[in-house]
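Provided herewith is a single structure, encoded as structure tokens, for subsequent inquiry.
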Amino acid sequence: MIKASVVGASGYVGQELIRLLWGHPQVEIVHITSTSKVGEAFHHMYGNYKDIFDKEFVPQDLEKIAEESDVMFLALPHGVASGLVTDSILKKTKVIDMGADYRLKDLSEYEAWYKTTHESPELMEKSIYGLCEIEGPKIAEYDLIANPGCYTTCSILTLAPLMRSSAFDLDSIVIDAKSGVTGAGRGLNLGTHFTECNESIKAYSVAAHRHTPEIEEQLSTAAGRSIRLIFTPHLVPMNRGILATCYIRLKEKMTWEDVDALYQDFYKDKPFVRTLPKGSFPETKWVKGSNYCDIGWKVDERTNTLVAIGAIDNLVKGAAGQGVQNMNILFGLKETEGLDLVPVFPV
Amino acid sequence: MIKASVVGASGYVGQELIRLLWGHPQVEIVHITSTSKVGEAFHHMYGNYKDIFDKEFVPQDLEKIAEESDVMFLALPHGVASGLVTDSILKKTKVIDMGADYRLKDLSEYEAWYKTTHESPELMEKSIYGLCEIEGPKIAEYDLIANPGCYTTCSILTLAPLMRSSAFDLDSIVIDAKSGVTGAGRGLNLGTHFTECNESIKAYSVAAHRHTPEIEEQLSTAAGRSIRLIFTPHLVPMNRGILATCYIRLKEKMTWEDVDALYQDFYKDKPFVRTLPKGSFPETKWVKGSNYCDIGWKVDERTNTLVAIGAIDNLVKGAAGQGVQNMNILFGLKETEGLDLVPVFPV
Amino acid sequence: MIKASVVGASGYVGQELIRLLWGHPQVEIVHITSTSKVGEAFHHMYGNYKDIFDKEFVPQDLEKIAEESDVMFLALPHGVASGLVTDSILKKTKVIDMGADYRLKDLSEYEAWYKTTHESPELMEKSIYGLCEIEGPKIAEYDLIANPGCYTTCSILTLAPLMRSSAFDLDSIVIDAKSGVTGAGRGLNLGTHFTECNESIKAYSVAAHRHTPEIEEQLSTAAGRSIRLIFTPHLVPMNRGILATCYIRLKEKMTWEDVDALYQDFYKDKPFVRTLPKGSFPETKWVKGSNYCDIGWKVDERTNTLVAIGAIDNLVKGAAGQGVQNMNILFGLKETEGLDLVPVFPV
Amino acid sequence: MIKASVVGASGYVGQELIRLLWGHPQVEIVHITSTSKVGEAFHHMYGNYKDIFDKEFVPQDLEKIAEESDVMFLALPHGVASGLVTDSILKKTKVIDMGADYRLKDLSEYEAWYKTTHESPELMEKSIYGLCEIEGPKIAEYDLIANPGCYTTCSILTLAPLMRSSAFDLDSIVIDAKSGVTGAGRGLNLGTHFTECNESIKAYSVAAHRHTPEIEEQLSTAAGRSIRLIFTPHLVPMNRGILATCYIRLKEKMTWEDVDALYQDFYKDKPFVRTLPKGSFPETKWVKGSNYCDIGWKVDERTNTLVAIGAIDNLVKGAAGQGVQNMNILFGLKETEGLDLVPVFPV
């Protein structure tokens, strides 16, 4: 059994990690931590765990937890993990960081977008960006996994297969993304008060969202050239789900089938990507509670534009599920272990 | 492996059965049927199953399916099952009927409330009302299980433990129940059109809902005397969940602890009933996607009334989950096999 | 033009008052106050008012505001108004208090349920409980109007017409009420965080809600005897609306028509109460944005119980609309002035 | 008083017309028609009108209704109006067509996108595209007004002011639009069944929506050159509201203030367009129930892209409200007459 701990387990990502790890046949959860809830039972915060999981939060002593864990998930606010992870910790345990601290290889980008100083730049080279469908088995060679963001996972999976084709104008990318409200976490603010976001839609962080450089860096790597794109997130009155509607202009004629060939080639043997048949487009309801990313597309011949659309559950493939998938790769398990769940519908 | 078939698999209950059976370690799904969708792939109707489950609907030939199945779930409109199940079928396979046809032992009640003639009254004695927490191992002695209704499961589990106590006025019971919209199924009608039921609440079938006699019959059995009660269902703008707020007058003084003793006694060793601590009350969100029934209560000393509240997921404990639980009992498996899922939150 | 001011205009009730007063043909809004937002434009808090209403919040100086206003609405937290209203203020202006401080004539009940001391008991005799359909023109004789609560308005309007009939067992009343989330106000807490209350239903303040004594006091007056009842509020995932499902046992046989006669007699010439035809029941969607209270009922002959159901918009008839209706009565206007709006649907 | 009739009053647009016309101080509603509901009271279909509006549906005899009406609104399925409107009708009454039949001046586009033959091409020259902020007083010169579509109104209002500037690359326009479910009407289908669209988001009619040529034709006129653009509608789980997120590349440097100047110039003295201050972006909740269009924008200097976002209530400014605004213009009334409503919030 893999001994797993969750540092910062009180938020929605931590909670979803515990749901998945609890159901994982090869995992034993050893510690959950919190800074403010030490001694409190987890099921007091999350009533779904009553009579199921009786762990209490322990203090956030990472060195100690590392000693007693084979893998440690960090679900901490941005900027915290980079001050806590040490070389000594990485020698004791694998670390899967759900936050942003180790995602951007270009630290100047990190510091510009996050307006903070990175506190452990020396660990960057020991870390890998854990987008499983892209890095695959290489992930197993690292001790520190930067688990990708939710918008970024959905956007990159939708666009990466297209980056090496000369048919696309890589300077024309527009990503218009829509997220459920769990993406904003459990912290209270007026924008996520029920009566303020229910029955309404809005864009936010317009041309300023921190997932932008992450998408750009990964797509640049995929393309072998620098990519800048426009990314606009929207808040949708629903609990879970991300839909990324991506637009990219064609420089050469492409049919649906041509694009399909790119996707099939890129995602063969990738169990969590489901490309949809011609004429079908993703809906977030079909992936809820699961680690799938559904992708559909259309070539608009009138405007020579490809519209490619991806959908994920932001808390699963966009966070906890991909964390578990990374863990599976790290420990040589089947990638789907503990994640072979039918999406729950209607929910 | 238990060979299971789902007859009438195209509705929400059928779909949820397939989700749970697919994930059940001891089950192989052999057939799914439909009258109108024969030859169509299940995942065309339910996109969540893409790349997961590739069965197609076969015709509704029950004798043939019975031969090839160890257990056959019927998810059919009321009145259909009683015309299809035969003694010959019951000799070949176990039948778990998700519908109402075999629930009411008093056939005159059945025919009065359902305004139809029961077509196989001779099978009633071979059937049992499959409320697992009440009938327990006795269920294994039967070939035909009448799986309880959603409102009824929630109401009976909340009230049954009180029925043998002299402290309660059994003529005073009021059940005010609230259900999510999946309870109305996948069939189209104006009342469940999004813009007609979203952002609104209403009562329906006031003093006329067909689950009333089912609750009364079971509670009468539990009480050892005839019970009549008032039951009012409401439609709540959410996908899943039932909350039953039950009122019963006290004839004798009872404390929270006295009531607790009744519940603990009744539900000891019942893994799917969770009684909440003093001061806590159920919320449907904590049971979603799971087979749990959460129960909380308060004694109102001002009015000498017990308010007891139960919550379930209507598609799981209120339908498919209890069906699987019945199957587990029938085949001597652990009652929780395939049902040991953490409720999904927030979803 | 009536000069109206709103004290405590930053919450949802204040906002709804401003919507209605702004559209009222006989009203000019002179001041809006807040303790924490002085100097801020109202439309910065509520974007719907952009380019429509450009007032800024002024300090909460009630004596000054009273001098410059014909009527002053107080939308303050419970316990605050009783410390601010003075005899001097009441000589200068009419006061309509949207809060609870002057609602309960029995101050010991007030102090017991609100756990606070009433700071102006001497003003109670100058105040009236402003449930317009019950007090009618008598309201115009008072300077201080205690505007009823939301649950209470809906519950009392549904039950009051029955109180003088000997056919009902007045000791058997159960009110099971359901409210949208605006009832909880704009203040942040976990229970009204979108992802915590969306897609779920729960009871709260079970046998402990402060609207209970208010309903009891008014129904006792209507009945001419003391009434105790059980009241359970529930939180429904929708913005607006209250539905009160009321149960009362029959001591004598009553038909639908008998009950109808009681309602018609009680509500003749009451423009805001709509009794529904036999077989119809209220839905909150049909009253949204309006001052209507819809009422429907059924006699359950099986259990000798009347189920009577009322529906209102909690922010209109349950708060701001009734406030304006009280103002209309105070100033001798038509009761419907400024309130003759078609309910908005679907919204 | 203007005598107004609504032909095809049983759908959501018809219903919203009646709400607005009923509250309009200069209007008397004379007839409402339906093909299938003749003789039925309107308030039986829409309970919000109980005790308010007691008209019954009359047969759809347009010649007769035209004789008795000053203005006739047509809220009919696409393709029907062009077969019903005649020269004779237009001599008797003004016609405001809420449908698509007279919107596209290029009939080959109409017939290509709507896959039907236009039955009254000779009336096209008597008709005008009634986007009030663009055509203004010219509308009064016409007898047949083609009331714009919902997506189109929002998209055109957001983009039209930019069309004459050389700073924008007019070949780069992407419109990613999101609509509430009322946009799909009251007709039943699986996609708008509550449990199928609640808690999910999807794109639909990708690169194939019929509002595309309408937006293109109008923007082409505004630009003085032909424009092709990509338009993607999405279905959002909410009742009302449209948000159009528009992307357009810059060929020259533009600041927020430069863009602001274009909007202010274009929309001066237009009471229903509200441009938001720098850093603010529209939310559909702030326009609900009203005729406003809110617009906000940001220049993304990283990618030289303008993101301009518009929000309307699809049933008001996107349909019935604009219809009434057109009527006001036709009859020489103030444009805001009957439309000066504060948006309702939270609803």
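Order as written gives the chain letters A, B, C and D; numbering starts at 1 within each chain.
What we mean here is this: a contact is a pair of C-beta atoms (placed from the backbone, for glycine too) under 8 Å apart; a residue touches a chain by one contact, two chains touch by 3 or more.
Please read these numbers as outputs of a predicted model, since none were measured by experiment.
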- Touching subunit C and subunit D alike: which chains? A, B
- Longest centre-to-centre distance from subunit B, chain (CA-based): D
- Item | A-D or A-B - the one linked by more C-beta pairs in contact | A-D
- Message: On a C-alpha centroid basis, what's the spacing between subunit B and subunit D, in Å?
- Response: 46
- Message: What's the distance between the Cα centroids of subunit A and subunit D, rounded to whole Å?
- Response: 39
- Gap in Å, rounded to a whole number, between the CA centres of subunit B and subunit A: 36
- Message: By the touch rule stated above, which residues of subunit B touch at least two different other chains?
- Response: 12, 180, 182, 195-196, 198-199, 237-240, 283, 285, 288, 346-347
- Message: Using the definition of touching given at the top, classify the network of chains in this structure as line, ring, star, complete or other.
- Response: complete
- Could you please specify the touching residues of subunit C with respect to subunit A in the complex? 12, 180-182, 186, 188-190, 192-199, 237-239, 347
- Of all residues in subunit C, which touch subunit B in the complex? 172, 174, 176, 178, 180, 195-196, 198-204, 206-207, 228-230, 232, 234, 236-241, 243, 245, 247, 281-285, 288, 298-300, 302-303, 305, 307, 309, 311, 346-347
- Query: subunit D touches which residues of subunit C in the complex?
  - Reply: 12, 15, 18-19, 22-23, 46-53, 182, 199, 239-240, 271, 274, 276, 280, 283, 285-290, 294, 340-347
